[in-house]
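Below you'll find a set of structures to go through.
Next come two complexes, and both contain subunit A; in the first it sits with subunit B, in the second with subunit C.
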Partner chain A sequence: MNMAASRSGRGALWVAFWLLVVFLYAPILILIIFSFNDRELVSFPWEGFTTRWYHEFLANETILKALKTSAWIAAGASAVTTALAIPASIALSRRRFFGKGLVSGFLLAPLVVPLVVLGTAMLILFNYLGFPFGPLTLIIGHVIIALPFAILTIVPRLDRIPVALEEAGRDLGANWWTTFRTITFPLLAPAVLSAYLISFTISFDEIVLASFIAGSTTTFPVYVYSQLRLPTQLPQMPAVAAVVLVVSTIVVSLAEIVRARADRALDSVERVADEPAAEVVGVEV
Partner chain B sequence: MATTGLTSRRRRRPSGGASSWGIVAAPLTWVIVFFVTPVIMIAIYSVGGISGLSPNDIEEWTITPWKDFTTSPVYMGGLNPLGSGLFWKSIRMSTIVSFTSLVLAYPIAYLLAMLAGKRKYTLLLIIIVPFLTSYLLRVLAWRVLLNPQGVINTFLVDTVGILNGPIPWLFNSSFSIYLVLSYVWVPFVALPIFVTLEGIDEHLLEASSDLGASRWKIFRTVTLPLSMPGVIAGFIFVFIPTIGEFITPQLVGGPGGFMFGSAIQSAFSFGLDWQFGSAMAMFLVFTVAILLAIFGRYLNVRSVAG
Partner chain C sequence: MNEGPAITIRNVSKFFGDVVAVDDVSLEIPEGEFLTLLGPSGCGKTTTMRMIAGFEEPSGGSILLRGTDVVGIPPHKREVNMCFQHYALFPHMTVGENIAYGLKLKKVPRDERARRVDEMLELVGLSGYGARKPGQLSGGQQQRIALARALVNRPAALLLDEPLGALDVKLRLQMRLELKRIQHELGTTFVFVTHDQEEALSMSDRIAVMNQGHIDQLGEPRQVYQHPETPFVADFVGVLNALEVRIDALEGADALMRVGDRDRIVVPTAETGVSVGATALVAVRPERVEVLRDGEEPDGAGSRLRGTVAQVVYLGTLTQFHIDTVLGKRLIAHRLSDDRAGEIAQGDEITLTWAREDASILHTSD
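Then we have the complex of A and B:
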């Protein structure tokens, strides 16, 4: 007997699952479908298939510029985030030191502070310092938001890399840096890639901080937000949204698939690492 | 993705290399300078310890901004959770949204963790991917569906013709705010519940069954209590960001979508009453701190890392 659910119970749960999938994806799919409708308003009736809105969007300098600005800011923010998250994760996963609880508390605290508070706080800080608002302040803020997510992506992976592998490297005479570069980092790379992509998505999509500290910089979310507040938005908006949603869905799914594959690969490394040390050295990773 | 069967990890301190404080120095400095410091600054600013940042600043130590908003019936109106104060309105919104997301996510997390077999991670990924795509564009998608000239209304009124006019409660209503925010958060809530359910030892269920408990009784007395840490984590992780939420309520809630977060935002952008805004922002920090003091022990942040 299955203890978790009866046969009919399982059936009902599967129905609930697929209903939730419909709930989650239908709005996005409908938006994509209607981005091809030959009609100014995004609504019925269906007036025929057109790629007009896509052509108009590709010719709209303001949208393209906003997308480019956001891409640059996101690239910068996620590079800094990843660079800070790797050492932070190593310390949290591998080391024991005085004050570790406090340090991890500080590093993860931005997770539990509403963004509107962070926005006002940074507005006041940069105002007080007389620091000009723009891409730089956005990058600084986005790093704060993304850092906990990046750390929480890298730490579980580090936890699973057997310390024995690193010890073996050091026993064979490699120094700390060589061990990290040739053993730890290659095994960590999938999680680092995930952390980078998650940080990129967070920054690319960020609107609350941007509404406080963007200055005159128009990021893509700032542009979309300003459009959404108008009574009638540009008819190209669904086309832009469709492109961004589809691209980000593909990127995020790929990153997750890569990470899952790499995790399975680690399972075998983990098994071998439990064997006597002599065999560990022979492992190709 | 969450992993099963973590083998025993040896956490020996590596010999040699940079000191622990040396390697956390850069990230820690970043967080202290750009996060801890500014939060302390708004605390000081809200009581007049810093001034001169906006035209209406009070230039001496004062509790006026705090008194103004806690007593104002518009912003808070004292400790009356059912009152008209914006703070309580936001608390009610957060409670409803967190609860709705939980109810929607729990059965799905249960199915995936207990019954879906090998495919569970793939199916979980299907649920989570929307959460990782653009927040603002998903809100845009709902506007397109719900607004009076939107897809749903034009379909029912013009195409099918069963209605004479757009459904009034579908857009710019409390309903649309709760719907869209729950939509946004469901995937995120499913994660911690999934992780705790997956960690439940199957032998416990077998033992209960052998002792004659029905499936419903097993769920009620074993599975549900053991999954409570995940439920509470999910609740808190939706509740906290939602109290300060002003973007979504504004975009799908119309005039009724003016929330506590909106009040903070407009104190800075239009009202030029920055100290007042800072007091409200700090009040949110205290609210969160109280929640964490009560529920913090249930929050294993790693359970949401995925």
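Then we have the complex of A and C:
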């Protein structure tokens, strides 16, 4: 019997759904509420609405600096990640070569390697090489952990672009690079954008690797974590977090809209292949 | 102008690992010909075409375009263009941009580009569609745009990879005439790949019937249909009646087999060199087989064979009769659905006849 069909079953599903929503989003909601609470302690009771914490953090040089550092590192790491993910995805999706399974395994392995292990390993390696810890080591680390996500975002899209489109480009006189630039890339762009944003987010809020290999560089997550011990700084943290949350939600939503729109263009081409003509155009036979 | 053939294929083979896709194929396609590579899937027809386009390199042999060996030259430097099975129009470009793509890469000036795109749109009957996106067009319209996009480059040959396969029946029939008209108007060499024998027969100047990597027979449609040279061709092109018979006698240029006291099969021996006692596979097309009812007497020289009507299939223009002959083998006869055809019913005792020159020997064995 279908649970969703019976009246009581539907009610139970409804309840379960909302419990899940609360479970997922209550912490975030609480955070936003506290960011406006006029109280030195981040807790109830509600003592009135204030934007004081927002003003305070906007005047707090150290927070702004940490945000900026994280933004730069995330921008750099995601740019490198995307630039590496595109050729890797093309190789995995379009080419056949010896050891392909192994290569794809290596590329995707960071998904399952615990960050603590990776962080320790990189700490030892960079130390051994005498490589100075800082933004660069952090970017390298973030590229490694973001790459699988970027590849897993780009490959499915690439798989949906018919190979015949690229062959048509070459057939019409475009070399490999021109074909990529004028045909593959424009059709791939939405996935590339998604991959960039995902990588950005991964890098921006990454704290484990940062604690190992950031050196004296203070990223935003590291800073927030360190401030949680200081009562005077603590109330600003929900405000910062709320701003980051809203900004990233807006950016990701916009990206999703762009992607969905571009997807429809590709859909229409796939669909029409087996559809009879709606009208017969006037042709002399 | 170049006098030689548009495309020359010399002893071309292609292996994919252990699999032989194309096996020592040689073929010359003169300028302006409509040549069809016909065969079932896996016969090597698509691989042959892709080797002409440059998407596959032959494992051996050479391919010449207007006299120049193109083996090793990448597709974008070959003067042939292709119509893909599912059109492969660029979804992010307008129809006009799609057609102009090749010209733009050849650095054709903007105004000439615009003029030639318009010309092509007119040729395929889609004037004014330049600003639309491919997604806004029907399958048939996309097909025409794909054709325009390839032809605008004035290729040495146009390669068409099952271009009508994705269209519905009515549109397919219309596009056949359309393709033929366009080919006639431009005089471009067309190499057409299909598994549909009707398409091949109705459009081609010549047909190369391919089977297991080689060309079984190359010839004009009528020749291929009426005088198949191998059992495969006979079976693949059209409906086949094949009878295995033992030769009882040779009479001049004919081989003869007697069936009972009244019936017989007569077939020209041609140059097959059959001898009495050999077994021959004799083929005859269904539309050449006449169905005679009781009392109707066959005239003299041809084959005649009695049988019982096992099934009558009405096909509209034609009616198809399945006849269980006295030889134990079931034969098919086609005739126009006139009133007389309507009177023949299941279970009737009838006589089949066909003229001696309508039968041929496919192969013999001792």
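Keep in mind that, in the parts below, the second predicted complex is superposed on the first by the 255 of 285 C-alpha atoms of A that agree within 3 Å, B and C clash if a C-alpha of one lies under 4 Å from a C-alpha of the other, contacts with A are read in each partner's own complex, and residues count from 1 in each chain.
Going forward, contacts are C-beta pairs under 8 Å (C-beta built on N, C-alpha and C of every residue); 3 or more make two chains touch, one makes a residue touch a chain.
Values in this document were obtained by computation on a predicted structure and should not be read as measured data.
Chemist: Just to be sure I read the superposition right, which of the two partners does A:N127 touch: subunit B = first, subunit C = second, or both, or neither?
Modeler: A:N127: touches subunit B, not subunit C.
Chemist: One more residue to check, A:A164. First (subunit B), second (subunit C), both or neither?
Modeler: Once the two structures are laid over each other on A, A:A164 reaches both partners.
Chemist: Tell me which partner A:L245 touches in the superposition: subunit B (first), subunit C (second), both or neither.
Modeler: first
Chemist: By the touch definition at the top of the document, which applies to A:P186: first (subunit B), second (subunit C), both, or neither?
Modeler: second
Chemist: By the touch definition at the top of the document, which applies to A:A174: first (subunit B), second (subunit C), both, or neither?
Modeler: A:A174: touches subunit C, not subunit B.
Chemist: Looking at A:A75 after the superposition, I want to know if it touches subunit B, subunit C, both of them or none. Which is it: first, second, both, neither?
Modeler: A:A75: touches no partner chain.
Chemist: For the three-chain arrangement built by superposition, which of subunit B and subunit C touches the greater number of subunit A residues?
Modeler: B
Chemist: Between subunit B (first) and subunit C (second), which, if any, makes contact with A:L228: first, second, both or neither?
Modeler: After superposing on A, A:L228 lies in contact with subunit B but is clear of subunit C.
Chemist: Pick out the shared contact residues on subunit A: the ones touching subunit B in one complex and subunit C in the other.
Modeler: Overlap of subunit B and subunit C footprints on subunit A: residues 162, 164, 167, 170, 175, 274.
Chemist: Give every residue of subunit A touching subunit C within the complex, in rising order.
Modeler: So the residues of subunit A touching subunit C come out as 162, 164-165, 167-175, 178, 182-183, 186-187, 265-269, 272-283, 285.
Chemist: Would you mind writing out the residues of subunit B in touch with subunit A in their complex?
Modeler: 1, 3, 6-7, 9-21, 23-24, 26-28, 30-32, 34-39, 41-42, 45, 50, 53, 104, 107-108, 110-112, 114-115, 121, 123, 125-127, 129-130, 132-145, 149-151, 153-155, 158-159, 183, 186-187, 202, 205-206, 208-209, 215, 218, 223, 236-237, 240-241, 243-247, 250-251, 261, 264-265, 268-269, 274, 277-278, 281-282, 284-285, 288, 292, 301-302, 304-306
Chemist: Could you list, by residue number, the parts of subunit A that touch subunit B in their complex?
Modeler: Contact set of subunit A toward subunit B: 1-6, 9-10, 13-14, 16-17, 20-21, 23-25, 27-28, 30-31, 34, 41-45, 83-85, 87-88, 90-91, 94-97, 100, 103, 106-125, 127-128, 140-141, 143-144, 147-149, 152-153, 155-156, 159-160, 162-164, 166-167, 170, 175-177, 198, 201, 204-205, 207-208, 211-212, 221, 224-225, 228-229, 237-238, 241, 244-245, 248-249, 252-253, 256, 259-260, 263, 270, 274.
Chemist: Flag every residue of subunit C that touches subunit A in the complex, lowest number first.
Modeler: Counting only subunit C, the residues touching subunit A are 53-55, 74-77, 80-82, 84-92, 101-102, 105-106, 124-126, 133-142, 144, 149-150, 153, 166-168, 170-171, 174, 177-178, 181.
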